């Protein structure tokens, strides 16, 4: 796949379709892949990487990049195209300045999961059917692919590209996933159990803002948490309000806009399952106001900016089964 | 499903055996099971409205609690019992102070605070059996009979507690009469007191009142008058001086259902 | 540095009796920025306002907090005062310590504590208030009058007289209302039709007045000076513009057994009908519940069609549909009137059992020359002359809430005296008894009128109440009642019983109040803005009250109020523009993402986007798409502020930080 | 005027006599009116005045049929029957004031008399 | 939150009321002298849709034990559609709070018209009682342990 992508990138640079490419390059470790801009074939040959650890969603970078001169080439996995569509709908990107090449994805790996098996010194991986061969500085190790798969990919919702100018490989379909299972499991707990769960999880937060910074929906010019008029500004001497409510407010801000890309949980250094908050909103929206997938198109009204006269009352929350 | 706790009351065990027997056999024929609680007591016959009268309310509460324990609604047939039990239940549900006092006396395992639903037998016919269904099961309709329903005071009042029917323009007994094939007679005194309660105190007044009721019914062309109350029946029959026949409504019910012969055998 | 003045009102004892106003002023004086904290008996009085004005000048105040009654009551008063002393009126905040504190609490300690907290919240807010300047919005020069009874007609005539367009919306097929059904009027005994019908005609002929009969107001949007109402013209199956009111159709109609609503069901009419001879508009209407053709469901079916055949102008249209008209209005006058209550709950009076027990309004029809008996008083049951008539007062009025209406219906004592007198005048052989609890006759020439009934016409007034009415087999009615003065229980063998039935607001009033966002009391009478000083205005600006929709009234009172409401409406309509609310949304362009969320939730289309060039911190310039608010169109609901993900959108007067400050002050 | 008695009657009846608007409907509907010396509305009014002893001495307290017509029809929800009962209780609770004497009962009986007549008589007229 | 060992727990209730219906309804309960507890403190907003979920969270975090939001009845919004947005926003917010294990009865939306003074008072009485039963709000205030 990497070869196909690289040759496509070089071709489009060469024929002048685009003047930049956003892709990925290796970091300190083999599994540490980060987005990067390439402006020439040479740069591409030197650093361009696309492998099973390449999960980073580059759409958010396009907010800035698409406003610059010339067209930029972006390789988007199916899930990334939802993010881009949502950004297009909110006028956050200039879609005309982006050349999208859809690339297939059969799921990305989570290095943390491999490391958790006691495998260290990873230099590369190779999929062999259901088995994952891992090259390490200490020799080759194996483990089932499924066990190394990133959580967000395990509950993948779609293999379909919702926007692209060109595709590499065949397009996939929207698939049924079990992504709401954990939300449901929590819903079935008692209120106290849920509280204990979340208190335990949220207490781990170190407010590094990684979730916010990676989120393709969080692209505000100025985040409310930085807005002195919002009343929730993140000041050094601020009281604990923003500290305590950060994740609720953040989840509410992206409600109806979150495409469920799962990046927030992926990047969380404390492994807080933040995506569950977003999924709870998605699940509620689907069941209360009809199925809605943010980013599936660029024209529909976001559920929170819409209503019907027959919407349920808020008391529906109170009327749910008594514990 | 259609099983109810049934409270006959003491008069139905003695002077008003008919009222009871016809009620039971008719219920059975209509697919209703009536279960008598083990040890019920006399309800006291008259409800004392006084807030500082607690002891006189206890026996009714015991009956209500017995029904609560088996988890079924309570059915009564005698108007007086119904009135006493229903008013007791209403007050204990709405007057916390009284409920507390009653429960202090009774020392039940679990306080009784009005949980039991109380129906009069007529309400059971209307709301459980349905007058339309009843009509289908009638074998001896009272065709052409002009029947006057006598509610008296106990079945309807006070309406906020009894809540059976419109206290001034009731229709439940008239609908019952229609169901058994008769023609109801509307007359003004149907919801006025016959003076039954005062029969021991002032017979003359009881006579005067009951005569007024009977005359009013007769004036409107009634062939007979029906009641749910043993005291009314006694008073209307004995003290009114009228020749208009007076029956328990259950007797007509049993007859309409073709059960009267069996009962009398 | 803020310099805030706090003023705590006693409102006589309205506040001071439950809130320790001195303690409140004391406590608030220690709040940051407060430079003066005073209490005074009546802050809204001239002297009270002067306190505020003087303090503004003396202390150079930058903000004013008045702890008093609801801002809905006097916010404007204090804003004006501040303004006249040179302080921007929007630097004034009200802490509502009357309606929302002293009037609902009893314990002085806790009420005072709450008042202090409410004061602190207002101070916290005023710290963040900014000076605002109000714009202006035009006034639509047209009034809407809802209800076409005597109240609505009078209001419309007065407004039209002043030169403004008026639309009357009447739900029945004709205007005229209850007064059209009345026979004679007290205390002068002149005929109601003789004084009403000329006014009806005048209304229909006035060029400024448009009458929408058989119509309802189905939606009202907007605000004072700028309401938009949707009027539903119900399908009457007759083209109003063609129908001449000749009545040939009503004669041709084979369905003659329709209860005549105008005569309260005392006789019958045809399925196609003109309510009464002087109806305005005099246009036929088909009652679809009775029309043989329309009841079929398929109008193309060849059933009947007699009315269409009879009509010489081709006005009948079985295919007619409801029509909706949208119109802009500057002012709205509510004149929805009253109805007698249903008597189902009072069947001890045998109303449902005996046709000869009637309501007073039914008696009006029975005595009216255009009524079912051509003006001869006959019993409905057997059309014989009644020789003994009993009137029962206060049926359903003055009751405990659980039993009926708690208020006095006000008009019954007088119309009963009128009825009694008219009957004795016309049928001297008829005995008339009136059972009363009190005879209430405050009004010019009213008590004299009642005395005439007693002294001149020998009507038997008996103090006591009827307990039971018993129809007897011989057709007479036994009326059992107490005579409190002679201490006996009476039985009267009457031929007719007339019940002075309580009156209640029309059932359409409550949904209308909700539509207009006006207040109503628990009895569904519209609440006036001030019980004494603003009796014809509702608390919602631009909505006025006319007639019995505001409380029981007789005809002269109704007409007086109708004219008063008209003059208030005219006072509004003569203005070319009114000051509009400066509390509108605004967008912080530096924060705006250009995402369009605000635009999608704005009900007024007040938000538009444009690409603007911005200098970025790195000295480059960038073109960004940003939202802008049109302050003349924005009404200040704030929907956009919450939809905005970045918090760029905020609302003047109710900004995020202001509300947060209030929350913090309350929760401290 | 006997304030203790008045208080007792008001407490026992649970009736707020001040709600009465003196329309007399209770007395207009009472089936025992002619048998009573003091009528339902007078009970309410006299309790308000505190004139309880007069009522206690009157035979009227035994003439009420407890038919609740006055309770049902009172426009002000005053419940005069409860006042009558409270006054009666105040009377019969006094030592030796039982209105029904057991020894007198047999002669009142007849073969059809339902026992509820006897039970209620005891309940209403004795302590 | 005012807790006194000997005294009954007195919850702090913040009520956001829209200016046109509910605030007027609250005034009407005052005019009609219909009591409700002093625990309730009203904040006036132009429309229920002005209430940002942040305000509600802020109130809880600062010590409120219950927050109620009152607006015009659906269909009767002075601004045509504001309360429809409110309804969706609050439904989702309340559902999220429930999901986080916050007691459901601490939040409520009630539609109170300007004519419903009695309903306003009754609602406030009920709501205060319900919150009283729950006791002080600790969960939301402490959703995140204080950092060490």
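Remarks
The chains carry the letters A, B, C, D and E, assigned in the order they are written, with residues numbered from 1 in each.
Heads up, the rule we're going with is that contacts are C-beta pairs under 8 Å (C-beta built on N, C-alpha and C of every residue); 3 or more make two chains touch, one makes a residue touch a chain.
For clarity, every value in this text was computed on a predicted model and none was experimentally measured.
The chains other than chain C, linked only through touching, come apart as A, E | B, D.
Think of each touching pair as a link: the shortest run of links from chain C to chain E has 1 of them. Comparing the CA-atom centres of all chains against that of chain C, the greatest distance is found for A. Here the largest set of C-beta contact pairs joins the chains C-E.
Most remote chain with respect to chain D, judged by CA-atom centres, is A.
Chain D has its Cα centroid 24 Å from the Cα centroid of chain B. For the pair chain B and chain C, the distance between C-alpha centroids works out to 48 Å. Centre to centre, using the average C-alpha position, chain A and chain E are separated by 35 Å. Counting partners per residue, chain E has 53-54, 58, 62, 81, 85, 89 as the residues that reach two or more other chains. Counting partners per residue, chain A has 230-231, 304-306 as the residues that reach two or more other chains. Looking at chain C, one finds that residues 348, 402, 468, 601, 643, 656, 660 touch two or more other chains. Pairs of chains that satisfy the touch definition comprise A-C, A-E, B-C, B-D, C-D, C-E.
Residues 348, 394, 398-400, 402-404, 437, 463-468, 480-482, 484, 487, 489 of chain C are the ones touching chain D in the complex. Interface of chain E with chain C (complex): residues 12, 14, 19-21, 23-36, 38, 41-47, 49-55, 58-59, 62-64, 72-73, 76-82, 85, 89, 113-115, 117-118, 121.
Remark: chain E residues 53-54, 57-58, 61-62, 74-75, 81, 84-85, 87-105, 107-109, 139-146 touch chain A in the complex. Every residue of chain D that touches chain C in the complex is listed here, in rising order: 19, 21-30, 33-34, 39, 41, 69, 72-77. The residues of chain D lying in touch with chain B in their complex are 11-14, 31-32, 35, 62-63, 65-69, 71-72, 79, 81-82, 85-86, 89, 99-100, 105, 108, 110, 112-121, 123-125.
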